[in-house]
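Step one of this worksheet: look at the structure below.
Letters A, B, C, D, E and F mark the chains in the order given here, with residues in each chain numbered from 1 onward.
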Amino acid sequence: MLIRVINPNTTVAMTTLIDKSAQLAARPGVLVEAVTSEMGPASIESHYDEALSVPGILAEIAAGEEDGAAGYVIACFGDPGVDAARELAAGPVLGIAEAAMRAASCLGRAFSVVTTLDRTRGRAAELVDRYGLRPVCRSVRACDLPVLALDSDPGAPARVLAECRAARDADGADVIVLGCAGMADLCAALSADLGIPVIDGVSVATAAVAGLAGLGLRSSGRGEYAPPPRKPYTGLLHGFGS
Amino acid sequence: MLIRVINPNTTVAMTTLIDKSAQLAARPGVLVEAVTSEMGPASIESHYDEALSVPGILAEIAAGEEDGAAGYVIACFGDPGVDAARELAAGPVLGIAEAAMRAASCLGRAFSVVTTLDRTRGRAAELVDRYGLRPVCRSVRACDLPVLALDSDPGAPARVLAECRAARDADGADVIVLGCAGMADLCAALSADLGIPVIDGVSVATAAVAGLAGLGLRSSGRGEYAPPPRKPYTGLLHGFGS
Amino acid sequence: MLIRVINPNTTVAMTTLIDKSAQLAARPGVLVEAVTSEMGPASIESHYDEALSVPGILAEIAAGEEDGAAGYVIACFGDPGVDAARELAAGPVLGIAEAAMRAASCLGRAFSVVTTLDRTRGRAAELVDRYGLRPVCRSVRACDLPVLALDSDPGAPARVLAECRAARDADGADVIVLGCAGMADLCAALSADLGIPVIDGVSVATAAVAGLAGLGLRSSGRGEYAPPPRKPYTGLLHGFGS
Amino acid sequence: MLIRVINPNTTVAMTTLIDKSAQLAARPGVLVEAVTSEMGPASIESHYDEALSVPGILAEIAAGEEDGAAGYVIACFGDPGVDAARELAAGPVLGIAEAAMRAASCLGRAFSVVTTLDRTRGRAAELVDRYGLRPVCRSVRACDLPVLALDSDPGAPARVLAECRAARDADGADVIVLGCAGMADLCAALSADLGIPVIDGVSVATAAVAGLAGLGLRSSGRGEYAPPPRKPYTGLLHGFGS
Amino acid sequence: MLIRVINPNTTVAMTTLIDKSAQLAARPGVLVEAVTSEMGPASIESHYDEALSVPGILAEIAAGEEDGAAGYVIACFGDPGVDAARELAAGPVLGIAEAAMRAASCLGRAFSVVTTLDRTRGRAAELVDRYGLRPVCRSVRACDLPVLALDSDPGAPARVLAECRAARDADGADVIVLGCAGMADLCAALSADLGIPVIDGVSVATAAVAGLAGLGLRSSGRGEYAPPPRKPYTGLLHGFGS
Amino acid sequence: MLIRVINPNTTVAMTTLIDKSAQLAARPGVLVEAVTSEMGPASIESHYDEALSVPGILAEIAAGEEDGAAGYVIACFGDPGVDAARELAAGPVLGIAEAAMRAASCLGRAFSVVTTLDRTRGRAAELVDRYGLRPVCRSVRACDLPVLALDSDPGAPARVLAECRAARDADGADVIVLGCAGMADLCAALSADLGIPVIDGVSVATAAVAGLAGLGLRSSGRGEYAPPPRKPYTGLLHGFGS
């Protein structure tokens, strides 16, 4: 059983990081494979980037269907393209925000999200509402670091830790959700330091997709998630038509 | 003052229809111009189509900024790409679902949406929630017609009317919101027949954008709607980078 | 086309101020006229004042119907009497809170309301809920000034500005909604100072009513907003009966 | 201890009916007195009527304060003027919708409201939302009778019963809330017939006010419900100023 | 008419305290009796304690039914076992959190809860949501005292007062709800000191049950609150079966 | 790694059924063990039964902790005792309603729950609200069968199927959630017949707990889910104290 984990930006170093977390959910019979989107932004830090990451995600889903993938993870905390991906894919599709926030809601009474740029807080808050978790979300905090600085800026871990501490102590969170796939490698150290669960969406989403797919569950093919009607596409995107 | 109305699908006949409605909001000093997206699906009938209409919308916004457009309407009832468009555009941007549903909430106590394919009802309902209008939305009905059949199928008007009647009589709606830009030309006849307001999002969105822009109001350039950070894009979409 | 803007308190100086803002939405073919209520409180600063402003509002609507007004604005941030006004009026009726908050929700991700007396914050918050905008409202702040002091107290602009700044910097609002018709003349200066949109409800409501009326849209005459049943009224209010 | 029950319409026969229900909550030491508003509509069947019933209600509250009333019931299911009344009155003030719906939520899992004219359903639904009871309200049904026909139309009881039955059997309500003070005398017979609790707001509101007042509880005099600022009133309503 | 007030923990001194508050709602014809649970925890300070207080509560309800009790109060702020109690009891059953928070919502615009241990805040907040009172709840504060320390720690009153003050001044509450039955004897002094209503759930719940029962209202015996199906119980709890 | 699946009723035949479903989530390194509660009701069909199932659940958790269990599933659709269990257990604890409804919300747009007795619908609906899934729940239907009749009544599968069909066709559900652990063995046949995913909570909860535990995630030990304070218990339940 193959689970494909899609990095929706085009930065290969980030795919490596994502892969490391995703492999935590691999097990005998469950092969996990991280792939890099072949088109779009180098990082996702705005609605513009997020919207333009979706064609690349859908191309990876289409390729995965040909390869017989059993399920997919979309490894960006904005959960871009999830609905469209569910139309294309037979197996289950999860975004990492959805998976992480739902896991958090089982492990504590109230979580906080700690994300990168301040301007992405609105999208995270919107997803909290979409997934019905407003009553159990204490706050959405940002450490105001660009996504790619998580890897390159030596001060990044300390800034993430500071926001997690504030979430725990000032906001009363008893679980932390990391708001960017690029923070996955900080997860264990943060949890040890904070003394509360810290959730990386990549690993929990991969485990959750493997769990659902392992039980033979698939996206509903009836109604809204039925395969999209075939039709011509034009211009730059003509390859997405049929 | 130029208001650009973007048809996010690539079917020129539909742009003509949209233009006709949008011109109802033109007035001395307010030039209204409908444009057709240059890439993507021929019609929008799935999350897949909707997601893939967004690059074309953003390209039209970028072009509009160069032309000095004062504001924009996105003429698809799923309101695709609105957040990203607001990052790019200086002037106000409205989707037709947002504009139509908010107008409806001022004109009656409880509206119903009448849309095309049954599978698009979920997206319309999601927008009702996003705009906070659940308590005043009676129902989202579909007449189960493909978008392009609105124009070509001679039985289409009768089916739309039947659903509007059911919304009024069985669901208790006192205002109807048309759930597809392609229904705009039915608006007046439906309203006359039903005896209640019937709202076409294209014209009300255009009037609303003209109203806001005329007062000098623009999207906030601070925080979430600030211009997207500049960065490289790769592959098919490299032209969207900077 | 005549749009009547009703000042629901009896202070003529405030009508003058309101008129100045409302005229920003006038244009060829759209005549805007501000009128002063002929009965009730000199200013609206409590539920008591608000409730007792409604008879005067309804009298102005009745007079407006005789004069053929195409639509109405109720220029008090508590939106008093809107439902009753919609029963009486053929054309659209908007309160300034509804219009301002909805405009704000299009121009930014999250607005704050800055109002006058602390005790009016509850009513503003209630309207945020009624219009379904809780997820996009960051705060309702008061500068604790009586309504009529806005005009007479030379320190008033500085206090309003201070609260707007706090809304922007401490609460994260990217749009400000002015919570009193008496603040309308501060709008442009505040926006210039703050660098984010500041919305005066009088002008946006007038523009919105003109937009809807210009498209021929009227309040639904069916169901809840149908004309009120005719019946006798007694005592002081017998003139309101029929 | 005197509890004043205000009939906000000017029909004395209805006051008699209301008084009969209210007296069910009288007891040694608790005097219950029903009064008729001295101004306004003969019955309340629209937002217009409701808004114009408020001056009469507030006049009765002011008179009650002079008489030393310990608390008040506003006996119209739209709960008109409750906030303003709480500013004026020292003791607790309850509307009959609030009292009835909250009692219902303690006695069963899910109630339905059965009201008079179809056009009043929207207001009842709005109160369900305001009091936070949406999840436990199954439906708001109307028997489409004018308020005063409840007393004069011999077929009225059967029509009310039919709607109650439909609420129980089709909507799954296990408690019925009567949506008009004029239905109070049907309460016992309906409950016997239906085999489930049927709640008349007049008696439960009177009992609840007596309970709160008996414990010495009063409306908060701080913040929003503080006494309204004194100020001049003009025109027809000058008597309400100070 | 007998109202039974159940102390769900096994500490008799706390029953004495509860009884004192409950008797405030006694009156000619209404006998109020406080009883101590015969099994379970000495105090309720966790979900574990709360869950294990329920068998004792249900045993007291069963005993009360044999004694002909007309209604019941469950005197723990977590409202444990209320649904099950309503199945067993013919007369009305109220938890003190439900009664106190609803009373608060009538007496002011926005209340705060002040409770004991920090870890119980989550349960109180959950009840605020369950009763639909989120929009009118300003905060849930804890003074971080164990339940039984309220009685034994001489510094307890000052700590409770400090949190009430913070709720009033920092959070804007105009009514305080005491979040533990063990705080009931502080109620009058707190209210005098703070100048706003302070609500003890024991007395308001007792008055409310007496009010409903006095009107002949009972829990609905149809549907969810019908008597539980008879069946065998085994092990330690076999005595609860039939 | 041992996952303990607790049947909260005392009927061993039902444990066998639950075990069969739970084993679907077993895999090398993940041992799944179903246990039967040693005290309480033979089946759970009321709030009374549910409340009285909790002591037995907590006893199994305590025993599991001694046996080093890595996580727990509570196999009753009312999710009884979940909060208390999370205080006691180090590893993750999931109820089957929570797990099933969240899985459903990933696999389709809108699910329906099909449960046993009509009187249990209220509890299921309450959990839909608690987990924030109201917007994606189409209906909660009952086939009005006692829990134990699922096994013994040969007509049971047909009645369950009929309600699932109605949920799909009349309510528009595209995923079905089975509302009782006793329906688990019908899952595959129903899904094949209906052509949409049918979710049994036992297997998805077991897979989810295994997934979380496999990543080393545990319930937060800070704040609300910290171990319960030690204290004496008296009477029948003295064994639960410390």
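Following the convention adopted for this analysis, a residue touches a chain if its C-beta (ideal position, glycine included) is under 8 Å from a C-beta of that chain, and two chains touch if they have at least 3 such contacts.
Since the structure is predicted, the reported quantities are computational estimates derived from the model, not experimental observations.
Enquirer: Select the chain at the greatest separation from chain B, using centres from the mean of Cα atoms.
Expert: E
Enquirer: If more than half of the interface residue numbers appear on both sides, call it same; otherwise different. Which is it for chain B and chain C?
Expert: Because over half of the interface numbers appear in both copies, chain C and chain B meet with the same residues.
Enquirer: Which whole number of Å gives the spacing of the CA centres of chain A and chain E?
Expert: 43
Enquirer: If you average the CA atoms of chain A and of chain F, how far apart do the two points sit, in angstrom?
Expert: The mean C-alpha positions of chain A and chain F differ by 27 Å.
Enquirer: Could you check chain A for residues that touch two or more other chains and list them?
Expert: In chain A, the residues touching two or more other chains are 109, 122, 134-135, 223-224.
Enquirer: Based on which chains touch which, is the overall arrangement a line, ring, star, complete graph, or other?
Expert: Topology of the interface graph: other, matching no listed pattern.
Enquirer: Which chains touch, pair by pair?
Expert: All touching pairs, sorted by chain label, are A-B, A-C, A-E, A-F, B-C, B-D, B-F, C-D, C-E, D-E, D-F, E-F.
Enquirer: Contact residues on chain D for chain B in the complex?
Expert: Its residues touching chain B are 121-122, 125-126, 129, 134.
Enquirer: Mind listing the chain F positions that touch chain B in their complex?
Expert: Residues 109-110, 135.
Enquirer: Can you name the residues of chain E that touch chain D in the complex?
Expert: Of all residues in chain E, those touching chain D are 24-25, 27-29, 92-94, 98, 102-103, 105-110, 131-136, 168, 172, 174-175, 195-197, 199, 203-204, 207-208, 210-212, 214-215, 217-225.
Enquirer: In their shared complex, at which residues does chain A touch chain B?
Expert: 10, 37-43, 45-52, 54-56, 58, 81, 83-84, 86-88, 118-119, 121-123, 146, 223-224, 226, 228-229, 231-241
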